[in-house]
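After this come two complexes, each holding subunit A, first together with subunit B and then together with subunit C.
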Partner chain A sequence: MEEEAGVVKPKKNGGGRLCSLCNQRRPALKRPKTLEQICKECFYTVFEEEIHRVIVDNQLFKPGERIAIGASGGKGFIYLLLWFSYRRISNELLVYLNLVDSTVLAYVMSELNRRHNYGLDLFLLSVDEGITGYRDDSLETVKRNEIQASELGQMSMKGSRSMYGLPLKVVSYKDLYGWTMDEIVKIIGLKNNCTFCGVFRRQALDRGAALLKVDKLVTGHNADDIAETVLLNILRGDIARLSRCTSITTGEEGPIPRCKPFKYTYEKEIVIYPCHLLFTYAYFKRLDYFSTECIYSPNAYRGFAREFIKDLERLRPRAILDIIKSGEDFRISTSTKMPEQGTCERCGYISSQKWCKACVLLDGLNRGLPKLGIGRSRGPNGDRQREMKESNGTRNIQSKQCGTLDF
Partner chain B sequence: MKDMACSSGSCESGCYKDNSDAGAEEENQQSFKNEPPNGVATGNNGVNRHNLCIKCKSNETIAATNPTAAAFAAGGDGGRFCAECFRSNLFGKFKFAVTSNAMISPSDKVLVAFSGGTSSRVALQFVHEMQCKAQKNFDASRDRSLPVFGVGVAFVDESAVYPVSSQQLDDAIEDMKLIVSNLTPKRKVFHVIPTASIYSSDLGEGKDRLRELVNAVSDVTGKEDLMLYLRMLSLQKIALENGYTKLLLGSCTSRIACHVITATVKGQGYSLAADIQYVDSRWGVPVVLPLRDCLTQELSMLCCLDSLKTVEVLDTPRSGINGLVSSFVKLLQEENASRECTIVRTAGKLTPFDFNRMPVSGDLSCNLASLRRQKKYNLKLNELLPPESFCPICNSPLSKSNLLSLNDVENGQLSAETFGAKCCLSCLFQILPKERSSVEHFYSFLPQPIIAQAKNDNHCNRRWLR
Partner chain C sequence: MQLTLEFGGGLELLCDSVKIHNVNVDPPQDGEDKFTMKSLLAWVRTNLIKERPEMFMKGDSVRPGVLVLVNDCDWELSGQLDTTLEEKDVVVFISTLHGG
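Coming up: the complex of A and B.
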């Protein structure tokens, strides 16, 4: 246990100190959110209890509901590597990185559901973007290392059932749209490809959720993600998104609302949570690292604000929560015009325009005009706007193109 | 024209849009040293067409005539305007902010807060030019119905806290005196206020108490912010004692953009809207920010063009969270020249407070003559809203959730223990000490205005200064 202590507790000289929460055991780590020295057991307890409180206080779920857990892609894992190297854990450890967020989400959700009798039916929902070397390679590495995936808190992406016996549904871009991301990148290149991936993923999650006939979709967005979104919306002047980006449940008017139980949970804590599990279960196993940032977007735009958030966190861990608090407290008048919501004429998905963004992008791809729908080009929506202006200038339509593309 | 004002086509932050009367403002006292006479410029027309000012289309751009000055705004106005048009554009933004928000009326006595830096230097210059013009109009008018507003200048001496040699400080103050005395014809009083003056007239004792207070704050960012609040208290004190009716600050877009981000990061989202408006009358003497739409690059360029002397003293780099945010915003601005504008514009869309407009003076008769001159774009606000409650340290309005915790101590006597409950969460975290004994220590060194504010605040009133 010598090494483990060295790993999780950088300062050995704090000899006689005890965990600042239970006052019984020796502290094993400095809690990232509060910088308290606490023991491993207390870390689990506060981590899980905080999420439980968020779920209960915000009444996120009702008994008997069917809930899909969205397995979003991996973010911030380069940072995780840095974190580990800082903690001087050598490269003897495999963390199935690209699934950390959603794996922890799945684990904590099923754990809390059992412990507190939420009475929920849980499902896992994953999106296969079709990026070679992103998800597939991760799986291969797992196999090669002969690690028991279930013990490590991982789930098989391709199997129909995964750990904790949660049913898994995988929806792929190929099935939904007829294109994999690899094929799209071949045509569009490395610029703007995130537009496709982002628009497609959002809709894919909704479609997968509809297939599973669930009442709600939970996503693994953490406090860092939300703080970053608040900042980005200030930087780009998007007051409408600024007003709603901090709400814990979104899309309540739509068919499948989404919620974020990790809204106040720090990324750092999510990341060390399974690592502690790891030490318990697979301590002596020989493991190796790899990172699974999207290969097509090694430093996506968000990285800029991300870096800033991490700097802030180093200086003052509380800053992340403060940004979220600011986001919630901003005095934004409710009379701000919101876009009208309709449905896409082609696929029936929610859309403020004639066609939803995915259909516009897809149409461009299929017609060999992949730039269609990116930036301010004219798609069917542009034509419609012109028609609208000519026929009756009275109806108020959103002049702005789909906001996800801006920036 | 709109584009030029903000280096951004989408800027709606009340830029100077109309250039019809810009010409009138150009009869300034100063001539442009570096600018070639018109004849020369037109002579060069054939050769240097692309170097012509995009506004007047006759003079050469600043980049061509004065590369040093143009370097302040790389790729910006320097390459597009001639010195004269640039200047009138910048002054236009200032003038528009002043007139559309009724910042200065003829009966006012304006105190300009002067740090010696470029922003406040330009603010001082512009106020002086406005005063000269008002004087000219006064001399020319027959009935003399509109008096000329008065101007005073104040420098806050923070040497008690920030290290600076007394020689340096004396030199700087001498320089500032010279700058102010050169702004004639109307004489302007120059006040030097040591921060310690908020304690008592005995400066020595005040200095010690001030140091104790600041040293009791462990967080670097908190310390810096506390100094900022004390600076405002010092300015308010001197303004009030000398009968000034407006306090004019040189906060520019860049500074305000930084404030938007720092306030967000510190969890002050609720009160943010209060700090970034043109007018802030929650203080005894209303505070106005006429340079809200001017970028720091533009102000530096003007100082260079017009050889406006600036004085650098007590100009310590910002530290902690503030320093981090400054460098982040600077980076963003370099990447996109309209970023600071966008940040301020976003924050400008937040709902302002009731006190973000000029208070209507009780004595209407003296203002009648000036009233008809003002174009008021004042904010429409709900009169029925309950009055705000304010944090005694930073004077920011408290949000509802903050107020709930405050109710518990509403009726008790003010003491070191109950003081904390009256503060906003941000001050509570970064300024107030954590341990009980240190809180008492900190509390015992608080200056009178802060204590008074905490006492009076039981019924949500911030009129203690009036």
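Coming up: the complex of A and C.
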């Protein structure tokens, strides 16, 4: 494509209105949270400083802590951003550094850690699921992006913003479970694989974090994700999960607490943040911004709850925060007896049953009974499992799609 | 009228996995004096989207969760469907509903 796109002519908007924060520059986006029309420069500042406020107000971290930033495999969204210093991370590792939410999170966390002297030891944690198709495609993109990145390195994007990397640790399903997804699919076929995807994925980061002995795991779950989860848990009547899903930090009783600095950050802003940082459009258009999804997933798009959230957002952008708020209030007012949160006898992961779901599935695989734990077959949790289901309405894992959000 | 359209966040999969389209759309017809985003979306649906149009559109607008930037600017600032397009404008569509 011809290179005239470097110069961008802005559209007239709102009768030549100016940014409602600085009153100097032309606005570039409308914040869903406040409906303010703000310019790019003010957007970076408010976006980053709001997250800083969330971190400080909730005392998410202590100086000296070792923090893993989790790039959960759940979204299958390959989006390589340019601000990591590629030379310090090998190609192969970079592949997994892929998700928009976690990539923006990594960038913002390292920026804030430096700017506000959190004193944190940060690194990225990602999981290799061992899905062949996934990996090979992505590797190609990494190579292409790497070339573009080094070109971009020579342009200065925005004064103070330097590009630098965080160490990246990758753990494989093989390390964590002894099986790759490809090996699992070979045994159980394509039909049931998303049970495994979902269960293994949900635990992968926690297990990886434990393996690396970190103090805390941060994830890129955003306000939209949390509103969606609140909604789903209300619809399912799952009070135990509802009470947990709005907490900014969870799993404090377990080995590795998890926290969500993007709890109040809208997805729209997370997606737009790197676009604006990278604009010059001339560059953006050449950046490979493409999605790969779990190739085993029959339906990689989110279901109706997400759709509903987005519909609500269009009508009234505050709705997302209101749903989160109602989830929080619900937690405070409830006096219902919660199912006990124990830990799995085998692996120590949080589980309300004797064995966690991953261990049940693994036990089946290892014993050559891969259907164990899927659907109605009897696992080691036996009657207890059935009782639990009846008593608190926990959904059968079979009906869970890969990527269902769970906190 | 020449426009550059870009699809990202998975939307390119709906148009033969091509991300950037340099297109020529018919100038405004008689009776209409401008070519708007609304007309563009109808044009895209007819001419570029090869499958699952419901992933891209809902009614005569984009599906909620699809971000639209016109010349680097959030289309919510330029009037969404009423945004008037001109020669050489660049329109970016990004789905935020990334895969599961």
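Heads up, the rule we're going with is that the second predicted complex is superposed on the first by the 280 of 407 C-alpha atoms of A that agree within 3 Å, B and C clash if a C-alpha of one lies under 4 Å from a C-alpha of the other, contacts with A are read in each partner's own complex, and residues count from 1 in each chain.
One rule holds for everything that comes next: a residue touches a chain if its C-beta (ideal position, glycine included) is under 8 Å from a C-beta of that chain, and two chains touch if they have at least 3 such contacts.
Predicted, not measured: the structure shown is a model, and the values here were computed from it.
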First (subunit B), second (subunit C), both or neither touched by A:V271: second
Partner chain in contact with A:K354 - subunit B first, subunit C second, else both or neither: neither
Partner chain(s) touched by A:K260 [first = subunit B, second = subunit C, both, neither]: neither
Touching partner for A:D329 - first (subunit B), second (subunit C), both, neither: first
First, second, both or neither for A:I239, with subunit B first and subunit C second: first
Which superposed partner A:P27 touches (first subunit B, second subunit C, both, neither): second
More subunit A residues in contact [subunit B versus subunit C]: C
Partner chain in contact with A:K216 - subunit B first, subunit C second, else both or neither: neither
Partner chain in contact with A:Q37 - subunit B first, subunit C second, else both or neither: second
First, second, both or neither for A:D311, with subunit B first and subunit C second: both
Overlap of the subunit B and subunit C footprints on subunit A, listed as residue numbers: 311
Touch list for subunit A against partner subunit B, complex: 230-231, 233-239, 242, 308, 311-312, 315-316, 318-319, 321-323, 325-333, 336
Contact set on subunit B toward subunit A in their complex: 221, 260-261, 263-270, 272-273, 320-321, 324, 328, 332, 339, 342-343, 345-347, 349-351, 399, 425-426, 429
Complex contacts: residues of subunit A adjacent to subunit C: 1, 4-5, 8-14, 27-30, 37, 74-77, 99-100, 224, 267-268, 271-272, 275-276, 279, 281, 284-285, 289-294, 297, 299-302, 306-307, 310-311, 313-314, 401-404
Subunit A-facing residues of subunit C, complex: 4, 6, 8-10, 12-13, 19-20, 22, 55, 63-65, 67, 69-74, 76-79, 83-84, 88-90, 92, 94, 96-100
